[in-house]
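Single-structure report; data block below.
Letters A, B, C, D and E mark the chains as written, and numbering starts fresh at 1 in each.
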Amino acid sequence: GKDKEVSTTGKESKEEGSDGKTLRIVTDANYAPFEFLEGDKIVGFDVDFIKAVAKEAGYDVKLESVGWDPIFVEIESKRADVAISAITVNDERRQTYDFSVPYFLSTNKILVPEKSDIKSGNELKGKVIAVQTGTTGQEAVEKLIGKNHKDIKKFENNNLAIQELLQGGAAAVVADNTVVEEYVKNNPDQKLKVVEDSKSFNEEFYGLMFPKGSELKSEFDKAVNAIYENGKYAEIYKEWFGTDPDIETLKAQQ
Amino acid sequence: MSFRWDIIFEYAPFLLKGTLLTIGLSVSSILIGTFLGLLIGLGKIIRNKVLAFPFYCYVTVFRGTPLLVQIFLIHFGVVPFFTGETNAVAAGVIALSLNAAAYIAEIFRAGIQSIDKGQTEGSRSLGMTHAQTMIHVVLPQAFKRMIPPLGNEFIVLLKDSSLLCVIAAPELMYWGKAMGSQYFKVWEPYLACAFIYLFLTLILSFVLNRLERRLKTE
Amino acid sequence: MIKVENLKKSFGNNEVLKNINAIVSPQEVVVVIGPSGSGKSTFLRCINQLETITGGHIYIEGLDTTDKKVNINKVRTEVGMVFQHFNLFPHKTVLENIMLAPLKVRKVSKEQASQKGMELLKKVGLAEKAKAYPDSLSGGQKQRVAIARALAMEPKIMLFDEPTSALDPEMVGEVLEVMKQLAKEGMTMVVVTHEMGFAKEVGDRVIFMDEGYIIEENIPSEIFDNPQQERTKAFLSKVL
Amino acid sequence: MSFRWDIIFEYAPFLLKGTLLTIGLSVSSILIGTFLGLLIGLGKIIRNKVLAFPFYCYVTVFRGTPLLVQIFLIHFGVVPFFTGETNAVAAGVIALSLNAAAYIAEIFRAGIQSIDKGQTEGSRSLGMTHAQTMIHVVLPQAFKRMIPPLGNEFIVLLKDSSLLCVIAAPELMYWGKAMGSQYFKVWEPYLACAFIYLFLTLILSFVLNRLERRLKTE
Amino acid sequence: MIKVENLKKSFGNNEVLKNINAIVSPQEVVVVIGPSGSGKSTFLRCINQLETITGGHIYIEGLDTTDKKVNINKVRTEVGMVFQHFNLFPHKTVLENIMLAPLKVRKVSKEQASQKGMELLKKVGLAEKAKAYPDSLSGGQKQRVAIARALAMEPKIMLFDEPTSALDPEMVGEVLEVMKQLAKEGMTMVVVTHEMGFAKEVGDRVIFMDEGYIIEENIPSEIFDNPQQERTKAFLSKVL
C-alpha cells in the first residue's frame, strides 16, 4: 500500500477530493501491519481501511499518530473524533467509549520455539505466556487462564514479548496471527513456529473507537457495512494479508 | 541473531531528525528550566515560611512524581486548556522545563547557601540592599558553583526527553520505536539510540568540563 | 556619635550581650579587648545592625537605629565595617570591589567612583593592584583593600573586627599602619583587636569585655599598667 | 470526563502488590548500588590513570545512556546469558543497581574529596596506611556528607523503578498499565500511581531528613 | 637524628625548596622562622614524607627515607607532627583520637591504648575531656589534644607547623607551655613558629628561611640581636 499513504506524523494531511468535514482520527503507529511508520509515513491495513470508510461516510481524514495512552485521552475528551489502532472491543471498554461494528476478526495464534511441544491453547495452562498489553492476545489468554494471572507477562509491544520468548522467559507468545506470521517471516533465523488453535481462543474483534455518545458511530457502522458489500474491504484486506476476509463472521457479530 | 545494519541506515535520516529535535527540546527546556529554577530557588529561601510554602510544594511534587505522569498531565491537561489543542513539542518543552526547574531550584538554593555568609555581610555592611547583594555579590558567585550540578541536570534532562515518545513527540526515541515496530526488532533501535544518547552526553560533558575549567581560571 | 543603651542580644537561649552601655565620641578611637566568646564581635555587629538586637537602643548621630522607621541601609552607609576575613568579593577586581557600593547605593557616576577608588587605593598603597583579583593578593593587601572599600562610602564611623588576626605576622604592620593613618586623620573608630601595641599607641580608650558585660574601661595606660578588675588582670597576664 | 474510582478500588490489591515490589526492588537496588558505587568511586580516585580508566568508563556509559536501554540489555542479554532464562525481577535489581552505582560512585568520590586534606595528613602522619586512613578517618566522615545526595539518588531510583514495567516486572507501574489497558483509562492508573510514588518519596524524604538531623547532632 | 642533604622540592615549575642542608641532633629544639611562602611548611612536610621530594636525601636516625625500600609508614611512626589546624578527627572522641593510631598501627591492646591515652591527656591537662568530641573544645584544647595524639605513637622526633597561629591569643600560652614541657623532657623538636618569645626561651637553634633557602642559622640570641643577613634583618623588623 505504499502508493496510498498520505499521512504524516505529527502534522496532519488531508485527503483531497471530497467536500465533507475533516475528522481528526488518532492512532498509535506502532503495530505492524495494522498501523506503523514507514519512514515518516503512517501506513498499514487500518490506515487504508479508515480512509475507505471515511470516504464512504463522506468525511475527510486527518490521521495523527499520538501514541497509545494518548489515544484514550484524546477520545474521552472528545478532541479527536475517531480512533483506529487495532483496538480490541470488550465490555469494560464499552463503559467509557463507543465502538463501531467490528471491522476485523483477530485470530490469535501461538508463537513458540520450534522445539516446543505446545500444540493448542489449552496446553498453555501452567506455562508462562507473554503478550502485548491491551491486545486481543492478552484478552484471549486472560479468558483462558484468568485475568491478571501470574503466568501472564504483559509487555508494551509484541517485539518485547517475543524477545522474552527468545530469551527463555516465556514459553509462548499469543498475538494476532498477522503479527506472529509477519514476525516469523521477517526473522527466519530465530527458529520459531506458529501454532494455530481456533478452539481454545474466543474470537476477538477490532472496532473503531468513538467518544461516548458520538453521532459518528451510526454513520460509520453504515459505511463499514457498505464497504463490506461493495468489495472495497476485501480488496484492502487482500492487499495487506494476501487472503480473503471472513466477512460472514464479522457481520454475524453485529 | 543477525544485527540488521541496513534498517539502521534506512532510518538514519529519521534518527538524525529525531536527534535534532531531542537537542532542541533539551536546550530550550534547560534554558527555561534554569530561569524558573532560579525563581523557585529564591522562593524557597524566603524567610517567611508561608510565602516559601508554595515553592516548597512545587519542588516536592515535581521531584516526587514520575516525569511520565507530568508529561501526560501537561500534554492533555495544561496545553489544551490554554490553546484548545494538544501539541506534543510544546507539552514536551513545558513538562521538561517544569520538571527540571524543581531540580534546578534545589541546585540554586544549595549554590546560594554555599556562598560564605561573610560575602553577604560584607555587602550589607556597605549599605547595599538585600536585592543588590543577591544580584551583584551572591548570585554571580553561586552561578559558578552551579555549573557542575547544572551540567548533570542537563544530561539527565537530555536522557529524560526520551520519555516524550509516549506523547508522540518525534524525538530520537520516537523514531527508534517506529523502526522497531516496522521491523519487529528490539536491539537495533535501542542500541542505535543508546549510542546517539551516549554521544550527545559525552559531547555535553566535554563542553561542560571546558566551561568549568575556563570559569575556574577566570 | 554612637550611644549604646542597655544593649542586649541573645542567640536562642544564649544571652551573649547582657547589658552594654557605651558612648563613642566623634574622632575617638575605642579599642575593645576581651577573651574569645566574650561578645566583642557581636557588639560590633549590633552597632551596624548585622544582628538584630534583643533589647536596648543604639543611637548613631542621634538616630535610633533600632527604630523600625529608620532605613538601616542608610545607617550602614554611615558606618564602615572591616572584618577579620576581609570578605572581599572574589569575582570582582580590587577597583570594582571598591566601586560597587558607591555605584549602586550612592548612585555616583562611574568616572567619579573610579577616581575616588583610585585615590583610596593610593592611600592604602595599592594603586598598582587596581585591576588584580583579590585571590592574587596577600592577606595584608586584602585587608587594606577591604579598608579602602569601606572608606569609599565615606562613612563617619569605622568598625574593625580583629582586622589583623587572620594575617601572617609580617603583614600585620602594614594594616595597622593604614589604621593609624586613619585615626590621625580624625576618623571615629571602634576596633576589636588583640594588638596591644596598637591599643596603647592609637587608642583613646580601651574597653575590656567578658561574658557579655563591659568589665572595665579606661585610657590604655591605665588598663594595661593598672587594671582594676581581677578578670582584666587574668586576661592581660595571658596575652601580654 | 468521569473519574472511575471503582476501577482503582478493583485494582487496589494489585497496586498494593506492585507497591511492595517497587519498594523491594528499590531497597535492594540502593543497597547493592551503594556497595558497588563505593567500589567504583574508590576506583575512580586511584591516582594511576590506567587503573582508574575502566571505572571512569563505567560511570560514563551508565550515566550517558538511557536507563531503559540498560534495562533491556540486562533483561534480554545479561541475565539469560548466565541463567538461560529471563527473570524480570532479577534483571530489574541488577539494572537499577548498576545504574545507581554509577551515580553513587560520583557521590562517593565527591564525598571523599570533600573531606579536608588535613584529615588524611593527620592520619598518615601518625603512620597509618592509606587503607587505614580511608577506613577509619575519611570514609566515616564522607558517609555523613553523602546522606543527602544518597537520599536524592534513592528517590530517583524509586521513581526509575517504574521503567521496569517494560520488561513486565510486576511493580507498581506495571499494574497501573494493566489497569489502564483493561479499561482504556489513562488518568486513573497514572494519577493513582503518581500519588503512590509521591507518598513513597515523601516518606523517604522524611526518614532521610530525620537521619540527617540525627547524624548532625551526633 | 635528622640529616637533610641537598633537599629540593618543586610543585610543577615552582621550586619551593631549592637546596636545603640541615642537621637536627638528638634532644635539640630547632625553630624555623621566615616569611609566608618561604617554604617552612614544605620543609617540615618533606621530613615525614607528606610531600614526595624532588631531589636530595633525608636521613632519619641514619635511615634514608627517600629510599623506596624504606617503609614510610614506619618512618612516620617515629616522627610525630602537629599541624596549624589541629586536624583532629571530628567523628571520634578525644580519647579515641589518641588511641586510633596505637590500636591500628602499633596493634596494642585496647586497655593499653586507653591507659596510655589517659596518661597523655593528663600530661596536657585535659583528662576530663577524654569523652568530649573535638568540636566542643576551644582551639587551645584542640591543639593540646593534637600534641597528645602525636605523642601516643611515642615518636623520637616531633614536628610542629605553626601550632599556635590559628589560636585566640589567650590560648597561645597553654599550648606553648606543653611544648616547653616536652622540650625540657628531651624531645627532639623542629618548630615552625612566629612566637619569637618561645624561640628565644626554648630554641637551641633558629633557622631563618626565605624563598626556599636557609638564609641564616644560629643560636636564638645571635639571630635576634645580631642578624647577619639583610633579609633576616628586614624580616625581624616587621615581626618583632
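Operating definition for what follows: a residue touches a chain if its C-beta (ideal position, glycine included) is under 8 Å from a C-beta of that chain, and two chains touch if they have at least 3 such contacts.
Keep in mind that what you see is a predicted model, and the values were worked out from it rather than measured.
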{"item": "Set of chains whose contacts include both subunit D and subunit A", "value": "B"}
{"item": "Relative to subunit D, chain with the most remote C-alpha centre", "value": "C"}
{"item": "Mean-CA-position distance for subunit E and subunit C (Å)", "value": "35"}
{"item": "Chain centre separation in whole Å, for subunit E relative to subunit A (CA means)", "value": "82"}
{"item": "Centre distance in Å when subunit B and subunit E are each reduced to the mean of their C-alpha atoms", "value": "51"}
{"item": "Residue list for subunit D, restricted to those that touch at least two other chains", "value": "76, 186-187, 190"}
{"item": "Touching two or more other chains - residues of subunit E", "value": "none"}
{"item": "Contacts with two or more other chains, residues of subunit A listed in rising order", "value": "69-70, 73, 77, 160, 163"}
{"item": "Chains that touch, pairwise", "value": "A-B, A-D, B-C, B-D, C-E, D-E"}
{"item": "For the subunit E and subunit C complex, residues of the former touching the latter", "value": "35-36, 138-139, 168-173, 194, 235, 238-239"}
{"item": "Residues of subunit A that touch subunit B when the two form their complex", "value": "9-10, 28-32, 36-40, 65-70, 73-74, 77, 79, 157-160, 162-163, 182-183, 186-187, 189-190"}
{"item": "Subunit B - residues contacting subunit D, complex", "value": "60-61, 63-69, 72, 76, 155, 159, 162, 173, 186, 190-191, 193-194, 197-198, 201-202, 205"}
{"item": "Contacting residues of subunit D [partner subunit E, same complex]", "value": "116, 118-119, 121-129, 132, 136-137, 140-141, 144"}
{"item": "In the complex, subunit B residues that touch subunit A", "value": "1-2, 10-11, 13-14, 72, 75-76, 80, 85-86, 88, 165-170, 177-178, 180-186"}
